[in-house]
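Please find the structures below.
Paired with chain B in one complex and with chain C in the other, chain A is shared by the two complexes that follow.
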Partner chain A sequence: MTNHWIDIGNSDCILISGSNAAENHPISFKYVVKAMRKGAKLISVDPRFTRTSSKADIFAPMRSGTDIALLGGMIKYILDNKLYNKKYVSAYTNAPFIVGKKFSFKNGLFSGYNRKARKYDKSTWAFAMDKKGVPKMDRGLKDPRCVFQLLKKHYSRYNTKLVSQITGTSEADLKKVYKAYTATGKTGKAGTIMYAMGWTQHTVGTQNIRTMAMIQLLLGNIGVAGGGVNALRGESNVQGSTDHCLLWHIWPGYLKTPRASNVSLAAYNKKWTPKSKDPISANWWQNYPKYSVSMLKSFFGDNATKAKAFGYNWLPKVDDGKAYSWLDLFDEMYKGTVKGFFAWGQNPACSGANAGKNRQAMKNLDWMVNVNIFDNETGSFWHGPGMNPSTIKTEVFMLPCCVSFEKEGSVTNSGRWSQWRYQGPKPLGNTKADGDIMMELGFKLKELYKKSGVFPEPIMNLKWDYMTNGMYDSHKVAKEINGYFLKNVDFPKKKKSFKKGQLVPSFAYLKADGSTSSGNWLYCNSYTEKGNMAARRGQEDAVNKIGLYPKFSWCWPVNRRIIYNRASVDLKGRPWDKKDWVVKWTGKKWIGDVPDGGWPPLGSLEKPNPKSKWAFIMRKHGHAQIFGPGRADGPFPEHYEPLECPIEKNFMSKERMNPTAAVYATDADAYLTCDPRYPLVGTTYRVVEHWQTGAMTRPQPWLLEMQPQVFVEMSEKLAKLKGIKNGERVLATSARGSLECTAIVTKRFKPFKIGKNVVHQVGFPWCFGWRWPETGKEESANLLTPAVGDPNTRIPETKAFMCNVSKL
Partner chain B sequence: MPGKSFFVDTTVCTACRGCQVACKQWHGLPAEKTVNRGSYQNPADLSFVTYKLVRFEEVVVKKKLKWLFFADQCRHCLEPPCEMTADDPTAIFRDSATGAVLYTANTKKLDAQAVIDSCPYNIPRAAKDGTLAKCDMCIDRVENGLLPACVKTCPTGAMNFGSRKEMLALAKKRKAKVKGAKLLDAGDIRVIYMVTEDPKLYHKFAVASIGAFDVSRAVAMKRMVRPLTDLTARL
Partner chain C sequence: MKITRREFVQISGATAAGLAVSGLGFDLWPVKSHAQMLKLKTKYAKETLTICPYCAVGCGAIVHTSKKGDGRVINIEGDPDHVISRGSLCAKGAGLSGLSENENRLLEPMYRAPYAKEWKTVSWDWALTEVAKRVKKTRDATFTKKNKKGQVVNRTTDIVSVGSAALDNEECWIYQALMRALGLVYIEHQARI
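Showing the complex of A and B:
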């Protein structure tokens, strides 16, 4: 989230799309209700009328996988009706930037496409530069090659009639949504988006979010209270795990995983440190080497000497152009190249797209370690449905771990708040905290490498001192993450000196010379000499009284509760919203939230204060990106159909699906689009009663009592067509698998009119698995979903695929 | 009128069912074996081990689809027909401080069906042995200064609890703010629901059947003039 949960209550219009917040983030509705009681409008866009929709002022049904069409139509509506915040757009976004001559868009493809490689040459999307090397701009937004004009041209095709044909949303409903939401473009009004996996799990997932971010920028909704782009994370600490490098392509703090071509630390830092020639651009990532070196110091301690490149060469590199995501991992496992597997706190036998493939893949493993609080379908895959245990050689080790409440540590919520938790009850029986399991594993590896082993340095040099009295100590890790001064260091400009061993007060003090450590620069400031900031429980609000509560827990970066907040003010530092303001320039300093840098306001665009900086400090050129030349699939989001869809031709262009989507080709990866055997659009979702694959909730009798069985929801019309009665068991099938489930025939699903055809959609919860309930009959809906990925993130397209449902 | 009351604002209820689970958890009630019957509502009905049940109804009103949620529970009537029917304060009685209508193990001795039939909201449920059970206002929590479990857990503010005066004031305030809102039987009961549609669309027993309280008053009157022999017979 750019903002945070409480801040939803400051909104004037809440769009919930790609999310069913009332069911899957029930507490969020505390703030939705708060906003609505102050007059905010709630819009629900969803293929199905949900518990969220039941509370909405406007419900607009939309076929799964067509969000970009719907939102692209909103961009056109904003531009046609001049509803954008012109001052904001021209000052803070790259709308004025002039795009180079090589850029074009034709027949659904951007310039630079290589069909064989299914990739773009992104250099054709570069901005035109002036002599100094700064992007050329037209702040008046009139130049035909400026981003704003190209945007207009691109989305001129997204007229409501066409959008309606694609999405199946009626033109009247589209207009209702557009009108209500774009009213927040007015100065002083704020609109927010609450989205989740319904937007991300598509072959165009990243671009779904980008489309909304662009809308938010056009309406001046980023940086302000009640605005922002807000991802509702699906697990209490998933934000924390992402921050600390859960994903293959990033190191902690969103540093890049080194590529094989980054042959030295110098080459690595050079490659990933952006350079700006614009003196007004803060270009915050210019500090990259300070963060990467501090992280290496934190990993390898005293062994990370300068002569040894701080241990850079000890860390694994990934091959250039190769992906190592979840989908790739299971693809390789299926092909037999991956031999050992730690399934740590997860359940890929049910949670992964094309779960049947994952289950088959596990047969190829020599060993699997399943670390979980309960046995699950993953650890028990070898005696699951259709498996013959006598032919499976995989050795499975089950390590029972304790639950989150039985250990001390932090969780980082969607709003980026790192919140410290004390230990509640002691771990049950012989269960262990994950930290203890990891520490022991590390010691064991060190012991083995001491005896022998190829390339022992990474393991042997690893600083591994996070124990107190023989137990994992979360405080030691939290301090390591924050970072220490490793020598006495003076900062003459800042008039500050620090002693060796002191905790670093914030990332502004991190250095690239090895004199500081920080396991994650973004968290530098979270555990300082003042104490454990995440454990704070201050109840006072800040001066602006918008629910920031700056002394309650701690939030990255540097306790800034609403990021990009320098865009919440005009060029003089005066808030757009006089009432719910975020930061304000007093003439001497900023008050309110922690500002996005303490520099004075810009003053004017023509002659900006040389001491000031452009508002979007994390961007190389200091401006938010309406034109995003860094994405794999194009600088502007474009509607493409899902890999499996019900129509042969994309109404928008000749390219039916995302031309850069990551497709897999094993015999378990069947994809069938527009196939009469699978005429129904399918999607998956969660229910409030179960959590993720249900491994934790299905054994809980009160929760199972409320949602005892996997189901498929369908319209009354479709049920009639298929002769299916409400509550009867049916068989759902896709190109990949089948699922027996209970039919819920409901008014909440309605057939869509797509072009001239009637298209039916159905939906399944994915929270079940054969291991429990004991009947073994309630299976995972991911047996149906395809393993195909977004080209930027490789998140699978589980939210739109083709299937069928028939009587048993 | 002293004592406690609930205000249930169904217009903000998201059917998260936190209240339904919290009730079971606080009372240590077992889960029932259920199946999906083509509805989210589960268990299908209140029971001896289910005191709180969120009811789900899909209805179309003026061409608009509504999904109505009704977090059903005992209304703790000001003059409870069930208490009058039982006519045995060791089995069913009213707590004087809160006004909670409480059932004891002695309900086993009552004519269960008569008690159930007398309830205008179809609340009490019998075990196999005839013992009756229903929502107890979490009297043990309330006596110790805590909110009822269902209220405490409600994320949206649909469930509210406090002195009757406070709750009536809150109900009045909310009703004034929400178009088409109505309060159900607010004068007769301690669990005041606010709805925006025809109450019958939420649940057959959302409001008391007409004259239900008059009938119970009639029963009470009859009891009062009962001949003495009856009393001795019961000893």
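Showing the complex of A and C:
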């Protein structure tokens, strides 16, 4: 989230789409209701009438997988009716930038497309530069090649009639949504978006979110209280685990995983450190080498000497242009190239798209380590449905970890707040904290490699001193993540000096010469000489009284509760919203939230204060990107149908599906579109009583009693057509698998009119699996979903696929 | 005196009789009876703060652990002083003690041998020693120092890892450090799906 949970209460209009917050993030609704009591409007866009929809002022049903069409229509509505905040758009976004002459968009394709490689040559999307190397701009937004004019042209096609044909949403509903939401373009008003996996799990997931981010920029809703782009993250620490980068493509703090072509630390830092020729661009990532070197110092401690490039060469490199994502990982495992597998606190036998493929893949392993609180479908895959243990060679180590309140440490919530948790009871029975299991495994490996082994350096040199009295000590790691001064260091300009061994107060003090460590620069400031910031419990609000609570826990970066807040003010530093302001320039300093840098306001666009910086400090050119030339599938979002869809032709262009989507080709990867055997649009979701695959909730009798069975929801019309009665068991099928489930015949789904056809949609909760309940009959809905991914993130398209339902 | 909601609950518990018919304009009975329970809890139980382990709203909860007997959880409830949740919890959070005090929990490391039909209970030392041996064997047999282009890559693609967003921040950090030190590149977790 750019903003945070409490801040939702400051909004004037809340759009909930791609999420059912009332059900899956129930306590967030405290703030939705708070905003509504002050007059805010709530809009729910969803294929199904959900618990969220039941509280909404406007409910607009929409076929799964058509969000870009719906939101693209909103962009057109904003531009046609001049509802954008022109000052904001002109000053803070790249709308004025001139795009180079090579850029074009024709027949559903952007310039530079290579059909054989299914990739774009993105150099054709580059901005035109002036002699100094700064993007050319027209702050008046009139140049026909400026982003703003290209945007107008691109979305001129998204008229409500066409959008309605694609989405199945009535034109009247579309207009209601557009009118209510775009009213927040007015200065002083703020609209917010609450989205979740309903937007990400598509072959166009990244562009779904970008479309909304563009709307937020046009309306001046980023950086302000009650605004922002807010992902409702689904796991207690999925924000923290992302920040610390348990992901193939990034190192802690969103540094890049080195590519094979980054042959040295110098080459690596050079490649990934952006350079701006614009003196008014903060270009914050120019500090990259300070963060990468400090991180290496945390990895390898004293062994990370300058002569050894701080240990850079000890860490693995990935091949340029190759993905090592979840889908690729299981694809490789299915093909038999993977021998060892750690499934640590995760249940891919149920959580992965095309779960049947994952389960088959596990048969090819030599060994698996499964760490969890309960037995689950992953660790026990070898005696699951359709498996014959006597033919499965995989060795499995099932290691029992304790629950979160039997150990101590921090988790980072969706609003980026890192919060400390304490130990209540000791770990039950012979369970252990995950941290203890990791530490002990590390020691065992070090012991083995002490004797002999291939390339032992990274293992032997790994700093591994996070124990106290023989037990894992989360405080020691938290301090390492924050970082230390490793020598006495002076900062004459800042008039500060620090001693060796002191904790670094913030990332502004990190250095690239090996004199500081920091496991994750974003968390530098979280555990300082003042103490453990995440454990703070201060109840006072900040001066602006908008619910920032700056002394309660700690949030990254540097306790800034609303990011991009330099955009919450005009050029003079005066808040757009006089009442719910975020930061304010007093003439000498900023007050309110921690500002996005302490530089003074710009003053004017013609002659900006040379001491100032453009608002979006993380961007190379300092401006938010309405035109996004870094994306794999185009600088503007374009509607494409899901890989599996109910219509043969995309109403928008000749390209039916995302021409760059990641597809896989094993015999387990069947995809069928417009196939009469699978005429129904399917989607998946969750229920409040279960969490994710249910691995932690299905073994709990109270929760299982409340939600005991996997079900399929369908409209009354569809049930009648199929002769299915409410409550009876039915069989759901897709090109990949089948699922026995209980039919829920409901008014919550209604058939969609797509073009001239009637299209039915059904939905399944994905919180089940055969291991619990012990009947073994409640299976994972991901047996039906396709393993096909967004080209930017490779997040699978589990929210829109084709299926069928029939009587058993 | 400015008091937080939770302190208020505690004070009202201590002076329950006097407050029971006070003129505050709302019924204090539910608060009072709850407060007396809390008082009993703090006498017999240790109070610790936690954050709900389910979704990422990050609601606060108070864990009461018995000071006597088995030292187990006797109650978990919403934390009224948590500035986001203000004491509220959803169905899962409200039932949080059902997670820890649960007879279905795994309590011992287990091992399934190739082609075996059953689990075997094993010791931690044996399990971790054997895991370390497997890691070393696979890693050493498959370690790639250079890729096809001849570039130095120092990695293994034959060991892969998924998980976990359920880990604490500190555990995430040491886990990724260990996996990367081993040379893994297939490192993924819930954020990808």
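Going forward, the second predicted complex is superposed on the first by the 808 of 808 C-alpha atoms of A that agree within 3 Å, B and C clash if a C-alpha of one lies under 4 Å from a C-alpha of the other, contacts with A are read in each partner's own complex, and residues count from 1 in each chain.
Note that a residue touches a chain if its C-beta (ideal position, glycine included) is under 8 Å from a C-beta of that chain, and two chains touch if they have at least 3 such contacts.
Source: prediction; values computed, not measured.
Visitor: For A:Val745 in the superposed arrangement: first (chain B), second (chain C), both or neither?
Guide: The answer is first: A:Val745 touches chain B but not chain C.
Visitor: Who contacts more of chain A, chain B or chain C?
Guide: C
Visitor: By the touch definition at the top of the document, which applies to A:Lys588: first (chain B), second (chain C), both, or neither?
Guide: A:Lys588: touches no partner chain.
Visitor: Given the touch rule stated above, what does A:Lys494 touch, chain B (first), chain C (second), both, or neither?
Guide: In the superposition, A:Lys494 touches no partner, neither chain B nor chain C.
Visitor: Give one of first, second, both or neither to describe whether A:Leu703 is in contact with chain B, with chain C, with both, or with none.
Guide: A:Leu703: touches chain B and chain C.
Visitor: Between chain B (first) and chain C (second), which does A:Ser53 come into contact with in this model arrangement: first, second, both, or neither?
Guide: In the superposition, A:Ser53 touches chain B alone.
Visitor: Quick one: is A:Pro26 in contact with chain B, with chain C, with both, or with neither? Answer first, second, both or neither.
Guide: It touches chain B and chain C both.
Visitor: Which partner does A:Val688 reach: the first (chain B), the second (chain C), both, or neither?
Guide: In the superposition, A:Val688 touches chain B and chain C alike.
Visitor: For A:Asn520, is the partner it touches chain B (first), chain C (second), both, or none of the two (neither)?
Guide: Touch partner of A:Asn520: chain C, not chain B.
Visitor: Kindly list the residues of chain A that each of chain B and chain C touches, one partner per complex.
Guide: 26-27, 30, 688-689, 701-703, 706
Visitor: Inside the complex, what are the residues of chain A that reach chain B?
Guide: Per the touch definition, chain A meets chain B at residues 22-23, 26-27, 29-30, 33, 37, 49, 51-55, 59, 688-689, 701-709, 711, 725-728, 742-748.
Visitor: List the residues on chain C that touch chain A in their complex, please.
Guide: Touch list, chain C to chain A: 4, 46, 48-60, 63-65, 71-73, 76, 81, 83-86, 88-93, 95-96, 98-100, 102, 104-117, 119, 124, 127-136, 138-140, 142-143, 145, 147, 149, 151-193.
Visitor: Along chain B, where are the residues that touch chain A in the complex?
Guide: For chain B paired with chain A, touching residues are 12, 14-18, 20-21, 24-25, 30-40, 42-43, 58, 60, 65-69, 155-157, 177.
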